[in-house]
Amino acid sequence: MSGQEAAGQGVLGRLDELGASLSAYRGEMLQSIAETGVMLGNSLLAAVLLGLPMGTWMYLSRKNGPQPRTGVYALLNGYVNVVRSVPFLLFVVALIPFTRWMLGTSFGTTAASVPLAFVAVALYARWVEQTLLDVPRQTVELADSLGASTLQLVTRFLYPEARSGLVLSLTTVTISMVSYSTIMGVVGGGGVGDFAIRYGYQTYEYEVMYATILIMIVVVMAIQGLGTWTSRRIDRRLR
Amino acid sequence: MIELQQVTKSYRSRGTGRRGGEVHALRGIDLTIRDEEMFGVVGESGSGKSSLLRLINHLEAPTSGRVLVDGVDLARLSPRARRAQRRRIGMVFQQFNLLANKTAFDNVALPLRLQRRRERERVMQMLDFVNMADRAHQHPSLLSGGEKQRVAIARALVTDPGILLCDEPTSALDDHHTEEVMDILGQVRRELRTTIVLVSHELDVVKASCDRAAVLERGRLTAVTDVVAPPPREAYSSYAERAQRYLA
Amino acid sequence: ASDAGGSAGEAGETGEDTTIRVASHMTPMTDVVEVAADVAAEDGWTVELVQVNDNVQYNRLLADGEVDANFAQHEPYMEAFNAEHDAELQALAPIYDAKVGFYSRDYDDVAEVPDGAKVAIPNDASNEGRALAILDEHGLISLADGVGFEGRIADVEENPHDLEWVQVDLLNLSSAYEEDDVALVYNYPTYIARVGLTPEDAVLLEETVDQRFAIQLVSRAEDAESEKIQALERAMTSDEVRDFLVEEHSETLLPSF
Amino acid sequence: MIELQQVTKSYRSRGTGRRGGEVHALRGIDLTIRDEEMFGVVGESGSGKSSLLRLINHLEAPTSGRVLVDGVDLARLSPRARRAQRRRIGMVFQQFNLLANKTAFDNVALPLRLQRRRERERVMQMLDFVNMADRAHQHPSLLSGGEKQRVAIARALVTDPGILLCDEPTSALDDHHTEEVMDILGQVRRELRTTIVLVSHELDVVKASCDRAAVLERGRLTAVTDVVAPPPREAYSSYAERAQRYLA
Amino acid sequence: MSGQEAAGQGVLGRLDELGASLSAYRGEMLQSIAETGVMLGNSLLAAVLLGLPMGTWMYLSRKNGPQPRTGVYALLNGYVNVVRSVPFLLFVVALIPFTRWMLGTSFGTTAASVPLAFVAVALYARWVEQTLLDVPRQTVELADSLGASTLQLVTRFLYPEARSGLVLSLTTVTISMVSYSTIMGVVGGGGVGDFAIRYGYQTYEYEVMYATILIMIVVVMAIQGLGTWTSRRIDRRLR
């Protein structure tokens, strides 16, 4: 057997191996994708249900906002800054008692969503605040002149005008959450990132690791693409 | 009827410490605007025109003195009652202030929605009044300046307010569009009998359409004049023709 | 085969380089290295501790010649690394062993554990295999033939009690112990001590204590005989280290030399 | 001398697919602007005024036809030579386009810096010319509209360009500031003998200061007229006084 | 001894303990702060030296930019997206051969700066692109009308006008880097985050962990405060 043939076989062999190892892990990989989906879904739900009102409240209560309340603002702003600065791993561990109190368990994919949700809420709240600040002052003034209540100001004026920015920042938060969720294996959350680390990195199955990373890159780009597309579609500000 | 009694308005200056201090935007203004009149407010930049207007619907509170609209002092109302009162005063802004993500129709429908009213008819009627019925479903970015301002006027009128406040409603517009908008305001006054307060630095505009006008100078009211209407303009078929005749 | 490693070794022999770099992971391993460092210092060696917070990097560093030895793993784990990376790492001396086992808050005996119960095992490959092997040994599950200590959950062939797996970080296992519906929790004595338990309290202990899983001092095979590594080995197996293990960790660790 | 020969300019419309297509901003324009004249360009919004101006310093390339400045066709120059040529043509924008983070002085010095020239004297001289020497070290945010535009004019003139292009230089200004700026432009023309092209939709402004004017209508040149200057305005001591007299 | 006294002693005892354990760790804590400083310093240097030009280039070469070049843009944009989506731990590991080739070693604080630098460059490049997009179109037009070269456009027009945004986004990148650096213990990088994890998570010295987290929160808030203050100071756009 010549050296060339051996090399050729080597390459084929490696490809076969790659295929084999990937198909061997197909089930688990699909499961880990589902887990990431659950974690993202839950934390984004929290971002929308809690982060959006929280960011809106920050916008309203800040110093030059429509309804300045220094105390409220300091509190919310503090929350956002603290969640942003504590090392995420420690944050996850510190939350274990809380998660257990809330869900009855502190391990597994659902439980892993709790710390992710805290972070998603904080990040999205900050983005919402910033996005609303970009709405022209005149829009607030218009709402005032039409006798709108605070609730109406928010739902009828600010959100419709800021909607494309709100979608775009939710996209950014989603992508950050993909990256945060990588750590959630620590409390049994699973997910794609954890899969890549455990099945690829720790057991030296590099094909699995690279395949998984590729999937993540594709997923992130798809999320970004979808977000950008949606936000353009609903933006009528300039054509 | 709108009455300003000894009204003063000062702002804390926006500057940093060194240049900080009070800006006296309005000083001791006494003024009565009658029902159903078109009342002009003229003055240089910074003379206090916008401040005066914004006091009327209480977007700003007076520093001292009282502002009465139909005998009611907005400063003394609860926030809720004040909102209700504001809904009876329409406002047209210099920069139109249309919501970019809503169609012309939805922009006009907005004040009704705030009162939980859904009156398609009424909205279309107003759009028709300002001659914009056929553009009802376009977004503002596709409209010209004059068209935008007409939509803004329809929005201000849709709740049938007794008073219409206009802050430089034509200064973002060219001559052509200015005429368009002023024609509509004239019509509002004739047909809807709305009291109109018109702030402008363009003397031509005020002269052409107001009954009386207040002249402001650095926060003080220097005069309230009865306006003498100018001779009607010649009618031209196009801007280009008019330009040519005017320049030569 | 690493050039860098070779030159480091030679420098040691010529007496110019008296620094020994040892990679380690976390306590108590790092503490052991520090005790040994003091011992080696008496003979003029400087032991430099390289802390890495990960279970793969200490082997990478060693194989790549960036450190001279490491102290963080047991032999099977090292062999798995050798096999996958064509590395030639060699276990020099077992230093201590830990009695791993399964703990339960709610049950005193495995027999009481109901079918369908949750079992918490670590989520890193090496400990996962070890945990499953214990369950296999006690007949709670059976693993595919030949997986030995390297089984993954996917290798569980029979699971008569329908055990449900909960995989968490090694360091969160003691937290899992406090969980309401987790029946069995794998753990190291060091970590279970956090909830006030010792191996005495375990409901299942590893039976085949053949020192396979003793934590080993490891170096590159070609350096095993070098003066530097010999000196390190002496220090690591010194009385001082033994005393340290006995005094500070007698409840959880057994010296293996 | 500026010559436009059979110049056409079309844009791809910004709309999405459905509404896409060509917009013909200028169609077959032939025009000669003489040295040292003040030349007006008037027309409705969208008639192509800005496009015409931007062709002269080649901020836009013509779709067909030729634009010659002093006999040179900018389209045929290398990017480097074109940049050099552009530096000989000053431009004043409607929105001033001052750099907000630079002082008035630094804004005026900017064109010199681009040519690696550091001439404090020259900068102060220009600021003096527009009567802004005492505000040299203030940032634009502290200046009024008229003051900003004066700084912008100083900046356009500091390199001593032969041609000054002005795109609606007064439409962001009120009457008072408009006069201020137009006075300066008149002075530029008299004292520096600069060729000035003035785009405006305000007929008064063009009538008051231009020698000739082109009238555009939907991209076509409908006329080039010699402008007859209006009788000089009465001088008033203040805007308020003038307003009062004018309205009554 | 009464129960109360015992309790009192207990509290005092704990305080003493806290003080003692903190002072015992003082040296290591200071060192870990220094390590974080080194990692931040290096990666921010890279962000400024490489991320700034890269983001500028993205701004210039994008579809409607001053000098559209689809290929260049796709390349740079791809880099940014990939670095953003690969799980950071795996990214660090994948870079080891590169780091060794570059620095001769792949562990320790300096080496740990390499992967951080890659991320910092990518994040800052994206921010720079976005910030420059906020500069009004008219500024570019002004530069054109004055015959400015591309280099002059960037240095004389874009950067001066965007400077407060550039500072603010560097601040945000810095804070992200604090959080990324937490992971660098994996390759022996050390740092405050790793310190907190080692002593808090791995050895249950909760006092040390909380003290460290507190330090991190303070540091992050200080960075944010400094960034906001500076960016306001150099912003003359509105007063």
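Residue numbering begins at 1 within each chain, and the chains themselves are lettered A, B, C, D and E in the order written.
The rule is short, and it goes like this: contacts are C-beta pairs under 8 Å (C-beta built on N, C-alpha and C of every residue); 3 or more make two chains touch, one makes a residue touch a chain.
Small disclaimer: the values here were computed from a predicted structure and weren't measured.
A.B. asks: Quick check: more C-beta contact pairs at C-E or at A-B?
C.D. replies: Result of the comparison of C-E and A-B: A-B.
A.B. asks: Let me check something: if the centre of a chain is the mean of its CA atoms, which chain is farthest from chain A?
C.D. replies: Farthest chain from chain A, going by C-alpha centroids: D.
A.B. asks: Just the number, please: Cα centre separation of chain B and chain C in whole Å.
C.D. replies: Here the centre of chain C sits 79 Å away from the centre of chain B.
A.B. asks: Where the CA atoms of chain B average out and where those of chain D average out, how many Å apart are those spots?
C.D. replies: Their C-alpha centroids are separated by 31 Å.
A.B. asks: Report the inter-centroid distance (CA atoms only) between chain A and chain D in whole Å.
C.D. replies: Distance between chain centres, rounded to whole Å: 50 Å.
A.B. asks: I'd like the Å distance between the centres of chain A and chain C, where a centre is the mean of that chain's Cα atoms.
C.D. replies: 35
A.B. asks: So which bits of chain B are touching at least two other chains?
C.D. replies: Within chain B, no residue touches at least two other chains.
A.B. asks: Please set out, as single numbers or ranges, the residues of chain A touching at least two other chains.
C.D. replies: 93, 201, 239
A.B. asks: Where in chain C do residues touch two or more other chains at once?
C.D. replies: Within chain C, residues 56, 171 contact more than one other chain.
A.B. asks: Which part of chain B faces chain D closely enough to touch in the complex?
C.D. replies: 40, 42-47, 144-145, 171, 174-177, 201-203, 206-207, 210, 213, 215-217, 222-223, 225-228, 238-240, 242-244, 246-248
A.B. asks: Which residues of chain C touch chain E in the complex?
C.D. replies: 23, 26-27, 50-54, 56-57, 60-61, 64, 66, 171, 194
A.B. asks: Taking the touch rule as given, give the residues of chain D at its contact with chain E in the complex, in rising order.
C.D. replies: So the residues of chain D in touch with chain E come to 57, 59, 82-87, 89, 91, 93, 95, 97, 99-102, 110-111, 113-114, 139-142.
A.B. asks: What part of chain A is in contact with chain C in the complex they form?
C.D. replies: Touch residues, chain A against chain C: 28, 93, 96, 100, 104-108, 185-188, 190, 194, 198, 201-204.
A.B. asks: List the residues on chain A that touch chain B in their complex, please.
C.D. replies: By the definition above, chain A touches chain B via 138-139, 141-142, 144-149, 152, 156-157, 160-161, 163-164, 234-239.
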